[in-house]
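Look at the two complexes coming up: subunit A is in both, with subunit B in one and subunit C in the other.
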Partner chain A sequence: MSSRAAYAAAADELASRVLRALRGAGGAALVAPHLDSSPDALAALAAVRVIGADTFTPHILTGAPFHAADAAAVARAFEEFPVPGSGPSARPDERTAAWRDWATAQLLARTRGYVGNPVATVPPEAGDDLTDTTDWQRWSVRMAQLAPLATPCLDGPVRDAARGAALPLSRGLTRSVLRRDFPTAVRLLRWLALLRHDGIALPVDPEPVLEHVRLLGGASPRTALDLAVAAHLLGDGTHAGTTNTRGTNARSTNGNGTDPDNRADSDTSAGAGTGTGTTPHLPTEAQA
Partner chain B sequence: MLAQETLRPLANPAGTAAIGSLMVEPEAAVSGAPLPAPEAAGFLLALLLLSPKEPKEPKGK
Partner chain C sequence: MTISAPVATAARAMADRALSWLHAHRALGALPPGTTEELTDPDGVYKPLGESTLAASVILRDGMAGPGQLAAAQSLMDFTWLQLRKGDMLYERQLRHTLMTDPLEMYAHFVRCGYRHAELDRLLAHRARLRSVHSVELLPNRRLAVANAARIAGLDHGEDFGALARTTWLGATPEPWAINWITAYAMTHTVFHLTDWGGRPEGLPAPLTSYVRTWLPVWIDIWREVQQWDLVAELLIVGASLSEPYCNPDDWEAMAALQHEDGLVPCDGDPVDDDPARRFKEHQHTTVVAAVAGSIALARAARAQ
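Our next item is the complex of A and B:
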């Protein structure tokens, strides 16, 4: 098996873990057990780099605790696979990867309880390629590649660019659905769901697209994770699998994402009580 | 006292490139209409060819 195939398999495995956590399956550590249980340590670390900021989505969207061991594991992935250069001479693909690394580093740096951040949190150079939507086909594909940044509480130039580009994003979504490129469609749907979450009017109704893509293209764990995040942002927790837990837990957040009681509570209550998917949580605390 | 030494895996440039390619996946090629089971297409065609003809209306009634 090539290294890419091994890394892809490990990334799917980690995405499945994140998806289970997003569905409220326990509140145990995510990343550290992934590293411990994997027969290929290098592939497991590479998977952490690939999934990146999405590792934090259960914590951000449902208030599931993010453990200090998880934060240390994310940092170790950056130690093993250093961030490549992303200067002005870097290729667009390298800058895209740099933005994803920046997002992961941002969320890691905000994790209280973890000391030391080996990743530079300075955002990559924002060029015209982020804001110029003239070639909306190519631009939307790039935004799809930047889908892990489509998460609440992660502001920056990429999100600003998306806020002013509902129409190009909708065009890209429609195009990818027509091309039956469902992974790209789901990633663009995340951006539109985030815009809807922010109260921005959309040219297309994302819910029917979500249902269409869920029926036809949500087989891969990473695509399923993108789909679950989009469903959460649209306020539909059913696709994230939280139907059974909705309403069974009286605890909820206070709406500003800083409720310490929720994460200081038991693991199960932190993960299961916020299934509506409308309240983001800032990643501010790591539990030992 | 014995000290346990932890072996650390070594990343190589090929691995770093593989991570980059997984992080920045290009869009997929245009695919055709979905078939639930493409391998069954031949079987369905055989059934269509071997199926009996439509019954004709009996004459003289």
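Our next item is the complex of A and C:
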């Protein structure tokens, strides 16, 4: 029986692998070795669902290959844990999980060389819960939970909702920083970075927030990964390559590791070219 | 956003009950016998006396209270005016300390409601012509406080409010996530003085109004969460003082619900003492702020109709 701690440790371990790959440790398979090396197979599979669409981040942002073996490993995680309901009667957390699964499934389906797609790629029903930002506090926490969808190659109702909500996202970000809830802050920063990437004007300047949460935000590998994605989307290639090394037990990858130039450009091209696909999973932390 | 009916209801309850409490307990705020202009502890009783005066003066200015409440406000002002020996004490203090600003600031609340002291007027006019007075180094939001008091007292200090506004924290429209408790107070006071406590919403420059509207909901949210009711009440004044008020019913109803039956509004989430003197000392400021907030919101609601 896997403990909660084992699940968290496995998610951190996979996040660290993704981060190393994003920094250019590149080319090697990610998910398959994660599963092979884990002392707790169930926790390792759960971690794949937790990290979800972010597993594809090095591929999307830098064009690193996503291996067919990795895709198969992602698919196994879906077989192990059922996809939650996503209809109108589903609980909000189930609907959030369904969107994350949808994102992973989208990316899995695009993986070149992967045949077989065990996961539905039909999007969950988009309801008012995505577009009604009246309760911007709760809405922005949910968007933080949907941060794996804040990636350049995934269009859809969640991204559309974010595009129309620069102010609620910015308020949520500001609130999170003031509450010192840095994991949530970084996830919301990802959305704002994506909006900036899309040329949308923001009420808050994201770069100083990026540096602030980088300095104060703690050492969790998952937060470091979110930070690296945000930095990348903001065109901060240097920082994307050096984010928070202390916290991630990632070894330094310098040498050819950092690529300060035009990583943002690769955002758009990589996703379109090589397909990858899979589905995401539920957030493990609930932020209030 | 206009001021909704639930906000107006909460605002009336807050203002009426807070004023009743301030009036009922006014004797607890009396200066000790024998107090002279040489105050050993100006923040102890003298400053709170000014704050109660402010609340009463705003209620009288706005005129939104019922006849009984207006009479209570007038009575409270009469009480504080007598405490200050009908202005003699302010005069003596200003005479003795040319560069001090608190006699002018306190006097302005009385002038707002027609109380005058001829010698003090003459002294303040003299003082207003001194370069030394204008060159005293004050924090920008404090400088605004003095400038607004001078404006109310009819003194031309020649201040450029727009330029002063730009020198404040708020004037920089800074990163909204890098604010702290004391800076939030500085921000509220910038708004209080630029708008003269909600009386001139247009006094807050448009870019600052827009900035405050954008981030006020966040600041109210986080200080509500940690039950800093005194600051939250000040933030409610800020919202009510904008050219297009920001008054979220949930915030106002939460604040009104905190108010004790007798009208006291607690300063934070800690238990409230039973001892009348301690209750007054610890919660008088928040109760003043609640009275001012309620009065301004009602005035803004009336003006919108």
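Convention: the second predicted complex is superposed on the first by the 238 of 288 C-alpha atoms of A that agree within 3 Å, B and C clash if a C-alpha of one lies under 4 Å from a C-alpha of the other, contacts with A are read in each partner's own complex, and residues count from 1 in each chain.
Convention: contacts are C-beta pairs under 8 Å (C-beta built on N, C-alpha and C of every residue); 3 or more make two chains touch, one makes a residue touch a chain.
None of these values were measured; they are calculated from a predicted model.
Contacts of A:Gln145 after superposition on the shared chain: subunit B is touched, whereas subunit C is not.
In the superposed pair of complexes, A:Ser37 makes contact with neither subunit B nor subunit C.
Of the two partners subunit B and subunit C, it is B that touches the larger number of subunit A residues.
Shared-chain residue A:Val204: touches subunit C; no touch with subunit B. By the document's definition of touching, of the two partners only subunit B reaches A:Tyr7; subunit C does not.
Contact with subunit C, but none with subunit B, is seen for A:Trp136 once the two complexes are overlaid on the shared chain. Residue contacts after overlaying the shared chain place A:Arg179 against subunit B and subunit C alike.
Comparing the two complexes, residues 179 of subunit A contact subunit B in one case and subunit C in the other.
Those residues of subunit A that touch subunit C in the complex are listed here as 136-137, 167, 170-171, 173-175, 177-179, 203-205, 208-209, 212. Listed in rising order, the residues of subunit B touching subunit A in the complex are 8-11, 14-16, 18-28, 30-31, 34.
Residues of subunit C touching subunit A in their complex: 175-179, 214-215, 217-219, 221-222, 225.
Residues of subunit A touching subunit B in their complex: 2-4, 7-8, 11, 41-42, 45-46, 49-50, 52, 80-82, 84, 93-94, 96-97, 100, 141, 144-145, 176, 179-181, 183-184, 216.
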